[in-house]
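Input: a single structure, listed below in structure tokens.
Note that the chains take the letters A, B, C and D in the order they are written out, and that residue 1 is the start of every chain.
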């Protein structure tokens, strides 16, 4: 096994707008939603991870080439300002994911530019902000992302996200949620794209204290560990190969 | 495209015991559960299919070598008498599925000998006979098995089947159900095994009139069409091949 | 089963540039590569399909809204002029695929704008134009796209396409090719995106008469049939749903 | 993340018959094939793993309940004596895999009782003992099992294993091999069954020194790490659940 990245370098990105505009959100997340997500990762990974945060309003949204080059796993939360994310930054994140950086997309991040670009679909869904209870059921119990969480995870109040969720069939379906209104949702999905690993996890909303929920935090920390790259970052490129090129030595895939 | 089998030869198999013992079941299914399933297939496929039925109490359970050789798709329902199905008949059905016969496994058939043998897992699940309402959600809208059914299918009263359902990850997940008690279930799953196609569909129970439900019938009819073999039946076998064996002509896969 | 589209309306799209510039290609494909692909489809589907062609140099590349609205399955071949395909036309094709139109992407179409947009990855690969012999092996013998072809399909001379092919893991892997130089390639891959079905098939090149090969033609015809939509075209959209919205009736997925 | 098992307890199982009967094999593997596999694991995992071996001729084949209960990951090689493995031991291994024990199946183990039982198919294939060169190509470069190996792995002399390999579609396809005779093979495949993780890896044969090959050893060591259970061992069981059972607390999946 190639030696695991140590410590794992995590960047928690968040739009950071609701907290500035909406008192209720500011009360739930006084240091910002990103702070809650970052705390959850640190709580579980401790010294095994170094966690920084970045938000939309920073220059280049805090996601410069330098920051991404030093990021093993990026988490992404956005909602009302997807359109303000610069295409240039999206290009950069896309390139880093395909080269091996892990990406954890949270909740309303389903409609972010980076997620829809990686998926190739609309990523639309059904929704209702109606204080539904969400139950998160594990359907892949041997998956490391599901380690240590109860079955089901009970989230007392949540926004409802329901099917049809227009994503490619996930490589691995880890969680399926139900809502008190009766809807279901593929709430925990893995995807491999290029050399990068992606996890989409739907629990989490600005109007509910979901990122303080201990099991939700554990899932995110598990996902960060799972998404860590297993090899140095390299971008898939077109290669012209002579016959017999591999006889002396192969290269990286 | 190889010409589709025409007409499609369908055998509907059912244990046939509850109907004999339990008045309530006999009232719901006066001609047997198999008759209801068979009617549903005929209702949708008409002249495109010839449908026969077979039950546990017939000699060789009605599944002789001759019957199976003339069956393109077999549907399977069993519940209280899985253990009475002769191993020799299970071997025969297994062999035919691997050689290309389609198989539709219904509801409590999850614990049949043939399904657990094909899956390699326990096929256990969570259950409750408590008059839950089941909602069947489509998560693969382009799949032919989901054609023409509403989203969701509403089944007013049903037995609850919940996760964790111990099956291999399905090749294609077509339906996910929720129950009024909050549980979820991967209720429509495809699997390819050998040269055969398998569909598991969980709605259906002896205590509820589910096989009279128009959408449930449509799904079963769609599945029968989908599972029809695309090629003549052949059993995968170990083959020793000389170098260059394919130069004159390849064979079937 | 919803009644199959009949006859199936197929549009064969091709860049159409090599044939104009390169005598060798013009000799191999005197009526254009699109004509050879179209003939192959007609040869196998006969009256079950109506086939038209369209090329890059037509207004709107021959892919107006009207044409796409009347197209059940589109096939795509391009190579040296991917960059000349108008983004507006790519947007339109993308929208139609997500709404249910089938798409067959051929050979060097792996780097087309429409395929990379649907995949979300670079779609790069390894290649060599060195007269390799390609063997196309079936790894999903029950798949309708593999019906009726030998195992392996032998293509005497071909461009080599090798791994790593930077695509998402296919929903179904149907064919794997080897080349005389030793490389392998996932040469037949299905993907579902939105309501549409996609098949990528790598055999086929302007410098070799691959689209006259009877087995290659059969695969393309099989794929066209497989990719036909099972339901009327609808675009996945964001839906806000009140609690209990489905009680009277569900909708399409 | 649940703390990883430490050190990982690995049991390397091998039939151990060829080495006793065939001088050539005894020369290649003087301490037995199991010793070579065990050395490879230790070479890469060092103190992170404790490795023991067990063979067919030991009482209960060395796989008592006690041994399995203390095994996190079991590797399996067999060939000429699959039929001598006691069904009772196969039952026991099967139960442990479904409860969470990792299983690595090597080469001719494809036809072992435990692998065919877990797969549900014949697991037949095409073969030739003809000194083919095998090239092992990575098709999932972000998978931890592929970490650190060249692309391709070159094995100078090997038995040929070719398609059609009658297995379920793997959950993840990691490697595809080609042989100098032109055949291809899905040579590295993951499967999840119950709570257990399974990896099948085809390189390795008694007639060639493949288990001394540094890259083959690395893959096996990577696979052992990947297959380690993420949670305490539990067997999937049928559970009857009252409405609201999860309100106080959920359980393990």
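In the analysis below, a contact is a pair of C-beta atoms (placed from the backbone, for glycine too) under 8 Å apart; a residue touches a chain by one contact, two chains touch by 3 or more.
Keep in mind it's a predicted model, so treat the numbers as computed, not measured.
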Query: Does the subunit A and subunit D pair touch with the same residues on each side or with different residues, judged by whether over half of the numbers are shared?
result: same
Task: Taking each chain's centre as the mean of its C-alpha atoms, give the chain farthest from subunit A.
output: B
Query: Between subunit A and subunit B, what's the gap in Å when you average each chain's C-alpha atoms?
result: 37
- request: Please report how many Å separate the Cα centroid of subunit B from that of subunit C, as a whole number.
  value: 31
Field: subunit D, residues touching no fewer than two other chains
entry: 135, 137-141, 151-152, 162-164, 169, 171-172, 182-183, 192, 194, 246, 253
- prompt: Mapping chain-to-chain touches, which pattern fits: line, ring, star, complete or other?
  reply: complete
Task: Name, in rising order, each residue of subunit D that touches subunit A in their complex.
output: 1-2, 44-45, 100, 135, 137-144, 146-148, 150-154, 171-172, 192, 194-197, 221-222, 225, 229-231, 246-247, 249-253
Task: Would you mind writing out the residues of subunit B in touch with subunit A in their complex?
output: 133, 135, 137-141, 151-152, 162-165, 169, 172-173, 176-180, 182-184, 186
Message: With touch defined as at the start, can you tell me which subunit C residues reach subunit A in the complex?
response: 98, 111, 117-122, 124-128, 130, 132, 160, 162-164, 166, 168-169, 171, 181-183, 191-194, 235-244, 246, 253
